[in-house]
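The chains carry the letters A, B, C, D, E and F, assigned in the order they are written, with residues numbered from 1 in each.
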Amino acid sequence: MGGIVRQSIDRAAPDIIQALGQAGVATVHEALGRTGLMASSMRPIQQDLSIAGSAVTISAPPGDNWMIHVAIEQLNEGDIMVLAPTAPCDMGYFGDLLATSAMARGCRALIIDAGVRDTRDLRAMGFAVWSTAISAQGTVKETVGSVNIPIVCAGAAVAPGDIVVADDDGVCIVPRERAATTMEAAQRRLDAEEGKRQRLQNGELGLDIYQMRERLEAKGLKYE
Amino acid sequence: MGGIVRQSIDRAAPDIIQALGQAGVATVHEALGRTGLMASSMRPIQQDLSIAGSAVTISAPPGDNWMIHVAIEQLNEGDIMVLAPTAPCDMGYFGDLLATSAMARGCRALIIDAGVRDTRDLRAMGFAVWSTAISAQGTVKETVGSVNIPIVCAGAAVAPGDIVVADDDGVCIVPRERAATTMEAAQRRLDAEEGKRQRLQNGELGLDIYQMRERLEAKGLKYE
Amino acid sequence: MGGIVRQSIDRAAPDIIQALGQAGVATVHEALGRTGLMASSMRPIQQDLSIAGSAVTISAPPGDNWMIHVAIEQLNEGDIMVLAPTAPCDMGYFGDLLATSAMARGCRALIIDAGVRDTRDLRAMGFAVWSTAISAQGTVKETVGSVNIPIVCAGAAVAPGDIVVADDDGVCIVPRERAATTMEAAQRRLDAEEGKRQRLQNGELGLDIYQMRERLEAKGLKYE
Amino acid sequence: MGGIVRQSIDRAAPDIIQALGQAGVATVHEALGRTGLMASSMRPIQQDLSIAGSAVTISAPPGDNWMIHVAIEQLNEGDIMVLAPTAPCDMGYFGDLLATSAMARGCRALIIDAGVRDTRDLRAMGFAVWSTAISAQGTVKETVGSVNIPIVCAGAAVAPGDIVVADDDGVCIVPRERAATTMEAAQRRLDAEEGKRQRLQNGELGLDIYQMRERLEAKGLKYE
Amino acid sequence: MGGIVRQSIDRAAPDIIQALGQAGVATVHEALGRTGLMASSMRPIQQDLSIAGSAVTISAPPGDNWMIHVAIEQLNEGDIMVLAPTAPCDMGYFGDLLATSAMARGCRALIIDAGVRDTRDLRAMGFAVWSTAISAQGTVKETVGSVNIPIVCAGAAVAPGDIVVADDDGVCIVPRERAATTMEAAQRRLDAEEGKRQRLQNGELGLDIYQMRERLEAKGLKYE
Amino acid sequence: MGGIVRQSIDRAAPDIIQALGQAGVATVHEALGRTGLMASSMRPIQQDLSIAGSAVTISAPPGDNWMIHVAIEQLNEGDIMVLAPTAPCDMGYFGDLLATSAMARGCRALIIDAGVRDTRDLRAMGFAVWSTAISAQGTVKETVGSVNIPIVCAGAAVAPGDIVVADDDGVCIVPRERAATTMEAAQRRLDAEEGKRQRLQNGELGLDIYQMRERLEAKGLKYE
């Protein structure tokens, strides 16, 4: 059972990727019709960082990090590696040496449904990670997997070149062909929120702004 | 099945609430006879903050945050919202817009046995949260629940007006009618600890301060 | 069923202990042939700290912290307490008063397969903790356990005097008699990594540095 | 901190208790307005059994089963013991000797937010158990708790004399004063279901029986 | 955000579906190159049953079972419903009335990454279920989802018409277009196993049958 | 890093092993001073079976079942294999072919802190398993481990030749050199229980048999 490396993938326009990163996970997830979100077990090792990039996907056997070396050769500036093991595994696939190599290729982040190690060094280097575990447990390089094939990572489907948006709330995947329309929907949402934020800050209630009182009464809500 | 909103609740005296917040969760929990503690899955999204306030309780259907809008109208300065879903749910009920509205009413914190989102913004705004999940997953506004009824949140019973004490160790609930006596017990405990802390700092052993040696021997402890 | 306290234990040389702490958990775990690692549920309450010390082991009944008082008398400068309950338990065995007493004896850290409390105070005091839970729930002093007997803590075997290495990646236990050889292997690893780090930073690929291309092809990896 | 034993509690009428047991957990939970359900971690050790009885509540320290002996003296024919530890604990509080004693008093079941042991013997004896763990780990008899006080068990509030309904789906608690009205609502539900079951068996669709087609279209559902 | 119902889907040939069910999950998963397996949290409510059928997929909002009614109209004889909620949810989406309706349409099983109820009745009716939870907690019918779109269920990608294979080991999904080749690979595997089973039963060792001794020695295995 | 296979291990006397199996896990665990118990996540795949045997231990890399083939050659009549992966792993290490081979060597059970598959076949063959997961996910044969070295399995230390006692309550390990004295203590316990069981069946209370009333009163228990 050999693996496959797709060497040529399409990516979205850099300005749209950057804008999605600034919009953040909650807004992008809403703009996508509430799809694309990874499981809440996917957590950042750093705090207060919001980022976006093109997915270079990795399907790796449990406890085997060989394919990360293969994937690094495929990285472009601004890419984010997304790794899903083919069976549940919380071993430490990735540490400071691999991060050094990935950063030399212009990659700044890893999303992994498994463990990482050297987390203190990774924070110091400015390499961002979202993972489902932290573990010093080492891996082997014995079995091949694949790079840039469609994968399922922490419950979300990811195709190579999809846009990864990640912040303190988690990770959301935007299909590449929907990047522009998603960003438009996100921007409309951000614009609408700005006006509401001002009114809420002034003490107006959501009950009035969104005209909820009549519908609540119709549903049987009683005030005592 | 309509819900209920109790508009008038009793609250404890502000100076006692503030003193309980300064005493902290571990001390208050002891002063209460080791009751009132929420499950250890209830974790803060910020660090090194200790707080107390009067509970405005929310019973909400799973995945439905409509009642938070209703609860915000019931908030007084210094209140803390406490939300329990009626079935297990880790969706993101609460984000920066709702926090803006709650802060405009004088509320500074939320305790929720479910998820929140926009966590980076919430920390930047100074709105404190203890939750059992972080998730960008959105909720609906379709079904009514209740505000200011007794609830069970993360394993602890909470009545409206009870005092919520929360810090890095978790969340403890003080029944309103026991607030003053609990604070007295907490103060006695703090006073007693201060003397012990000094002696322990000087190198005296708990074995001697608490006269444990004889009882340990009676229980069969052997030194080799 | 009385317990036992071994009062005299052997410790490794201080300079080797210190060197292991600087090497860090991931490197030491590799140098040990990938053994000795505690479960990934063992997490620090502070960030960006790397430490090592000699283990003073504690076997304690669930929900009973009496033996910590007994263990504190056995502490030497530089020791680390390692506590395993005899049944799963996430109660708060340890807080700021016990930390004050332990620090007066020269101890700077606790590893515990259970809960701790007063975590904010512990961070402020500079007392380091790795635990599997945070909980304000109090414990009793009713049943004796043992101090300085071999224990299993979070899945790792620990003998008294073994070296505890702990950082953001978790906790690893080095058997005392293997301390020197483990540190030699760790140093060789650190030296080898330094050269590789430089080459990776310059953009060389692991595929070339480690001569992986031929073996990948033999295993059936295909490039498209 | 001594405990309390309430020796006299009110119970619901036996025929209503029996009828609730026959209705089963899902129906009773609906009849109660979807409240009173314990967490889904509460699982039976036997299969295909449906039961109901009056709650004799036990609040016990973690790892201490002394209060079960005290509770057994308070049992009447048809009672069910409901035990909540005061801190999370999965030790084995209960085995075949305690079951022998409880059965001699007319008790046929235990609901426990902790562990039990001798599960094979308990099944052979016909003593029913719903628990959150199975563990041979023994407990002590050192600290008093309380019997027949209000408790929170696996997330549900239980008062002494409340009706416990338990089957393969879990455990639901019916407040004693609402037993009769709940059973009436349950019966109406059962009667209504019977007619629907017949129509569904004949191949009619819920879409038509409940007239859902128009509302689905209004909500935007499209058929392709 | 309306939903979609695809009314016409392609299915694999019945004899191949039946053969896959007889081969069982472990064999089919191997024949697929070790892909398609759902997470091990997906467990059967019955024992010793092996089954296969064509997937009718359901994407449903958390806590909302409306789409199951819609899906039932789309069922053919031999289909299996596969439901994934759009956010984690362990509520009871499905019980005996829905099972009655589905069976009237020729459906015999449900795969659901959420909860079910009436489990005793479902076993008695012969309706098979694999779920990630058992819960009596009721759901609503307020928000539309989709039927027969591609979904991710318990970590596996499922397209409508794919073959679902389920037994005591879990659930595996065979892409429809690979059904025939997968069954051929499974049959080769079953044939090869039969010869090996005979030799192993006679006491021959895998070490000799698979000629492992030389390779083990080359990897450094030492006998003492 | 090669592995080691110890070919000659000492075993306890067959009649003592058999007697420990009949005494069962809860009794043996008590007789051992409440030590040796595996974590409660270790569960049987069959019901109502109690068994004991000599441990043949296996330390295996995560996701690699090669060492089971090596271990089978080391099995004697009545042995039980005990496998601990060197990192957490829930893949399916073991199925019906390996069971066929192990049974041909006289082995009747496996204890594994990982997954198994073909569970229906294993039950039909009469091969007993206690595992922490059920999963069809396949493993590789790439990396060597060790056989008959001391391991930690599900939190319990196991040396080769130790006695494994397993039933519906879990798994307990008796150190070989303590087998006889443990069985004596277990027998005393069984004898004492028999008399108590009779008295309890007759309706006598534990409160009286164990003379608890005075001590409960001294601890402050109040009857109302």
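Just so it is clear, a contact is a pair of C-beta atoms (placed from the backbone, for glycine too) under 8 Å apart; a residue touches a chain by one contact, two chains touch by 3 or more.
Owing to the predicted nature of the structure, the values given are computational and were not obtained by experimental measurement.
Among the remaining chains, those touching chain B as well as chain F are A, C, D, E. Under half of the residue numbers found at the chain B and chain C interface occur in both copies, marking it as a different-residue contact.
A straight line joining the Cα centres of chain C and chain D is 42 Å long. Remark: chain A and chain B have CA centroids separated by 31 Å (rounded to whole angstrom). The geometric centre of chain C is 28 Å away from that of chain F, both derived from CA atoms.
Shown for chain B are the residues that touch two or more other chains, namely 1, 34, 37, 40, 86-88, 90, 135, 137, 143.
Interchain contacts give a graph that is no line, ring or star and is not complete, per the touch definition above.
Under the touch rule stated earlier, the contacting chain pairs are A-B, A-C, A-E, A-F, B-C, B-D, B-E, C-D, C-F, D-E, D-F, E-F.
Chain contact summary for the complex, chain C toward chain F: residues 1, 33-35, 37, 39-40, 86-88, 152, 155-157. For chain A in complex with chain B, the touching residues are 24-26, 29-30, 34, 37, 40, 43, 47-48, 50, 167-170, 172, 193, 196-197, 200-203, 205-207, 210, 212, 216, 219-224. Residues of chain C touching chain D in their complex: 61-63, 86-91, 135, 137, 140, 142-143.
Contact residues on chain A toward chain C in their complex (touch as defined above): 1-7, 66, 69-70, 72-73, 90, 92, 95-98, 100-101, 104-105, 115, 117-120, 123, 133-138, 141, 143-144.
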